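Paired with chain B in one complex and with chain C in the other, chain A is shared by the two complexes that follow.
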Partner chain A sequence: MSYTGTFRIWRGDTDGGALTDFEVEVNEGEVVLDVLHRLQATQAPDLAVRWNCKAGKCGSCSAEINGKPRLLCMTRMSVFEPGDVVTVTPMRTFPVIRDLVTDVSFNYAKAREIPSFTPPAELAPGEYRMAQVDVERSQEFRKCIECYLCQDTCHVVRDHEENKDSFAGPRFLMRVAELEMHPLDVADRVPAAQEEHGLGQCNITKCCTDVCPEGIKITDNALIPMKERVADRRYDPLVWLGRTISRRRG
Partner chain B sequence: MTATARSTGSRGVDSPGRAAIRARTLRSDRWWLPPAATTAGLLVFIVYATVRAFQQQYFFADERYLTPFYSPCVSLGCAAEPGAAHFGMFLPDHPLLPYAALTLPFLLLFRLTCYYYRKAYYRSFALSPAACAVPEPHATYTGETRFPLIMQNVHRYFFYVAVLISLINTYDAVVAFRHPTDGFVVGVGNLVLLVNVALLWCYTASCHSCRHVMGGRLTHFSKHPVRYRLWTWVSALNTRHATFAWITLATLILTDLYVALVASGTITDLRLIG
Partner chain C sequence: MTEIERHEYDVLVIGAGGAGLRAAIEARERGLRVAIVCKSLFGKAHTVMAEGGCAAAMGNVNDNDSWQVHFRDTMRGGKFLNNWRMAELHAKEAPDRVWELEMYGALFDRTSDGRISQRHFGGHTYPRLAHVGDRTGLELLRTMQQRIVALQQDDHAETGDYEARLRVFAECTVTELLTGPSDAPDQPGAIAGALGYWRESGRLVLFSAPAVVLATGGIGKSFQVTSNSWEYTGDGHALALRAGAELIDMEFVQFHPTGMVWPPSVKGILVTEGVRGDGGVLKNSDGKRFMFDYVPDVFKGQYAQSEDEADRWYDDQENNRRTPDLLPRDEVARAINTEVKEGRGSPHGGVYLDIASRMPAEEIKRRLPSMYHQFKELADVDITAEPMEVGPTCHYVMGGIHVDPDTGQSRVPGLFAAGECAGGMHGSNRLGGNSLSDLLVFGRRAGLGAADYVADLDRRPDVRPADVDAAARMTLAPFDPPSARTGGASGADAASGAGANGAGESGAGENPYTLHAELQRMMNDLVGIIRTESEVAEAQRRLGELRTRVRQVFVEGHRQYNPGWHLALDLRNMLVVSEAVASSALLRTESRGGHTREDHPGLDPDWRHRVLVTHLARDGEPDGEHDGGVDPVLPRVAVGPAERAPMREDLLALFDLAELEKYYTPSELAAHPGNTAAPEGGTA
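After this line comes the complex of A and B, so read on.
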């Protein structure tokens, strides 16, 4: 089944822009990215849109469809009725470059602020041994495709530009959790989670989890467990006492 | 369409550098419905619980059913219903002091600092944010970094107290099988109390702090097989924590209502055994 769909697409750059209407052919089985490619081929050859894999794996095609952060290549046209207007805008948390393309370097800067994997000094690469149950929690977080939709939707930075300095965002707080839970990482990451990466600013409202195309339970499995670890260290005198007496690391 | 020029000095999605889009949100679905429903649901419970906690009447039925809203009954006023007080009566009988004034504040704080209810009321009451990708109305935001919200970090203490209170509720449900004159009896009310207490345990055990205490805080599960097993069980429950949060609000109201209706003589408790 084919029909002509109405698309309202933001076109512009740092100087300003507007939502522009297009009538484009839509065919059965297509995703929003297919339609944007047809639009480029037929009416708007200069439309800027970033993509790579068209398989939900590279994380390049992040944008907002009808106001919701989504991957263009994983949003099926079948979720809309033929009469619906489909609005597509760039992500609204990052600076725009042109049309649907944004500058996501905020995320690369945040990634660099996290000290890398720190194995025990006495182990050489190749000698790493770990039990599957120990590394399983960290592995869930490795499914991340770095689409930054979670960073885009998080109200801490989306609604408050000034928090970008102090807040790493869900993707990178999850990176801290991944390393903190890793059986072979010996760095102490708990104080920095709160003091340097802004964990306390997260109010666990779960929008990051809601938009993650990989279905990672960011809030339940990374952010809340990290908040509990921070509470162990800073807000729980009993745990602090226990640690001081036994000096043991679980 | 006219081009939207960039306005300077704006905040949030209108900040300089971001795509200039006039609409604060372009969501076309009914995003306001979940927060509105949450607000309505929480208000129903708050109003019902407040009225009942201060009513000081109809809390003990058939000489054996004690409603969870009055457990443990430790006010001198509990003497009005012989057999309702299992743990002594020592609080003054005052209209502004609920008969279970020893435990109700802790249960309130347990739920107030619960990770799920935090999400629920941050979204529905504080609109922070009301829905994903819908701008919040606040000019500044510090999350849970300052007083009073930094106190959310002590949630685990209320969890410990809630475990004790759940034990008391369990005791209430068990002793309710004994009628002072008829001995061992089973009525519909017993089943109501049992279901209620079972669901309260599901809510309490699925708590994120419980998950952390059971094993979440460990780095090497392989060295602690028992705690790992406990952690897996709690984790399975934990994925349904929000569901239990809502179910228990409903069962608390229904259980209390059942006891109140029987106590006031509006309905009769059906005896199944005895």
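After this line comes the complex of A and C, so read on.
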């Protein structure tokens, strides 16, 4: 069941690079990452590729395969025909470090800008009571393995460097939603979602949901409900009146 | 000398898994400046792979549970080899550590009355594992990662700098610990700092810090079939040894009974014990639930003897005994090994794990979403419709750095360790669910221990420039053509700057990938789940050959994100740790927990009270073919027995005498309160 496959891999660094062709053995049951490891061991010992668990649980090996954002460890070779050329390139939204490894520090910077879980002051450890049905909404978002494929594919920042300052990206807008829907979080996160994290720039094309390897319904379950909460506040006449008054006082 | 980036901290935590992050949180909350160094990106550590849950006797599901029951289960699981003080602290403190995570924002699955739900697991008397589906480790790690961010946000609010008191150095590898001068010939010098390099740029980094917490996890990457990620190369074990600390119990390596066996590229990936905890059962090719035939004498009477009783137990634990599918991991792994060996295995050399016939498809998907996903994506198997094929996979090392139970400090002043890289807590075999609780309890204690140590320090040891030079040379040595390495003039000169090597001179030199594959295959075959004297001795001989070849490793390319170089450095650690495992396995002439000797199949009470200690070979000790002094690149290890401290009497009294008699020598039990009659035979 082995065959020789053709791989076209982007190699280079901050100074530039190019696609390089490799002929390499492919065996039954393998994933793309297995083939890259074989290349490292036999033809390109310094081929840079980030990976860790090789089980789809850590979200390290994100890249683009034939132009689609994917995890290298969860893309089986059986989805290609033996004659197909498999093109592997680094995530386009982030600066290249070397070969398939990109600088994802954008995401860590955005993570710091989301105010953390704010616990209820009156509850001591062990006193938290929450219903399963209530924790499940945020639990879905906490399945996130932070592969940043949603950040990579989102057209707000893909090829739009100028939006990176004002836009947290789907992963971190989902983090805001996760905390907003946490049954015991006491902070109000709705205004900041719109004003500081760029929720308004999302126009719900669902590209993030499409690439999520965990199958999280980012758009339907996190982003749209957050947009609804923003809309409820903004266009609720009482809230509008209250805001206007407090703004005058301020 | 190459230019080196320099940083000063109070505490340096090496490893950003659960234990490292919990230690960092504790030290930072005590007011210290803390650096966390990790080989991967922040938030990717191996802790995310933990699936089933975190053991803590909260008693939310069965209120008969208590720390005493958890303590007893842990000691039994480890076959009474555990450091009893660690097992005691662990059982007592685990509930507080879990509740604390809720304060950080963790969302565990709930009971019907809104408390944290707890599930069954092998060796635990009551449902005890706090969990989030089958992705509990991810929840723990993410929660602590987010707690670190919260602390950084506090610092930002106060100082304008997120990293004022807590900084993560991600994709940075520590290659050597640095110590101050030694006060006495037999006493290692105190910790002064560490040298490492940025994986991204290859630039060297020097940390000055009077306290180091090692939280580097395990050693599984020395074995071919493993559930462990590439990071698990025994770095902490090897760093500690080289700094003068001791390792204990290195013969005890846990082979998890259920890893994937097919397709080959995913062989070893973990299948959570939660499958069995939630009702899944093991079957052989005859469709027989074979575990009923494998209940060992020491557990007789504690497990169900019929399928009916086992199945009733899931709903009524008061009147039924648990299924032997949930025996401790060592027992189940050996049983699977035997079934396969005797020809009752599945087509790809495992056995069947069946949950499909035990509950509705929707229930399986709800309880075990990652397992469903993993088999569907990687093996084209729908676990709601057909059984999984599973077999043993190297999963965890019980052995590790010898530390003080209360503070986590090793015999090197200022060097602490917690989590998998520390030894003692789990004895000869770890119970599932006890590692997530271990890393919380002892991560916190090591952070606290380090904070107290730094507070009490009169003067911080200085990093010695000669040590820095030597460590830098060693780190860069794989770039030197092997021909240039003999004699004193080696190392950094050639590899400074871009350090590019022409491919033309690479005729000599070993490929790190090839050596790694050979090491893994050899350890799997000769020091794996079943061991014999002749095979382990053969492993030692081959390790000797590999040792020579590892010195000849040569990497191509330059220092910028070069995986060949990274592996070359990790290989040093894997080799030393493998030698510790093999030497310990050869000495222990009994079978217990994660150490099975085919030529010594029984438990031997005279081995129970002895611990095998690994240290660097000192002058005068057998040093093989190496001539003169300690080899700085690959120092040799020596292993010898020592006595374990006897268990405190009130803890010993928690067990029935009849149970203890299966493990202990009569003289050790003379003081047990159940021992009313005078001991016979005059041995006491």
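Simple rule for what comes next: the second predicted complex is superposed on the first by the 236 of 250 C-alpha atoms of A that agree within 3 Å, B and C clash if a C-alpha of one lies under 4 Å from a C-alpha of the other, contacts with A are read in each partner's own complex, and residues count from 1 in each chain.
Everything below uses one rule, namely that a contact is a pair of C-beta atoms (placed from the backbone, for glycine too) under 8 Å apart; a residue touches a chain by one contact, two chains touch by 3 or more.
None of these values were measured; they are calculated from a predicted model.
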Superposition on chain A - do chain B and chain C clash or fit: fit
Touching partner for A:Asp220 - first (chain B), second (chain C), both, neither: first
Which superposed partner A:Thr153 touches (first chain B, second chain C, both, neither): first
First (chain B), second (chain C), both or neither touched by A:Ile204: first
First (chain B), second (chain C), both or neither touched by A:Gly126: second
Chain B versus chain C as contact partner of A:Arg233, first or second or both or neither: neither
Distance of closest approach, chain C and chain B, by C-alpha atoms in Å: 11
Interface residues of chain A shared between complexes with chain B and chain C: 131, 182
Touch list for chain A against partner chain B, complex: 10, 12, 14-21, 64, 66-69, 87, 89-90, 92-96, 102, 131, 133-134, 153, 155-156, 158-163, 180-183, 198, 200-207, 210-211, 220, 224-225, 227-232, 234-236, 249-250
Complex contacts: residues of chain A adjacent to chain C: 13, 27-31, 34, 40-41, 45-60, 74, 76, 97-99, 101, 104, 108, 111-112, 115-117, 119, 125-126, 128-132, 135, 138-139, 142-146, 179, 182, 185, 215
Contact footprint of chain A on chain C as seen in their complex: 40-44, 46, 48-49, 58, 95-96, 99-100, 102-105, 107-110, 112-115, 117, 132-133, 135, 138-139, 142, 146-147, 149-150, 152-153, 156, 162, 200, 229-231, 262-266, 269-270, 369-370, 373-374, 377-379, 511-514, 517, 555-558, 560-565
Complex interface listing, chain B residues touching chain A: 1-6, 11-13, 15, 17-21, 23, 25-29, 115, 118-119, 122-123, 128-129, 132-136, 138, 140-145, 149-150, 153-156, 208-209, 211-212, 216-224, 228, 238-239
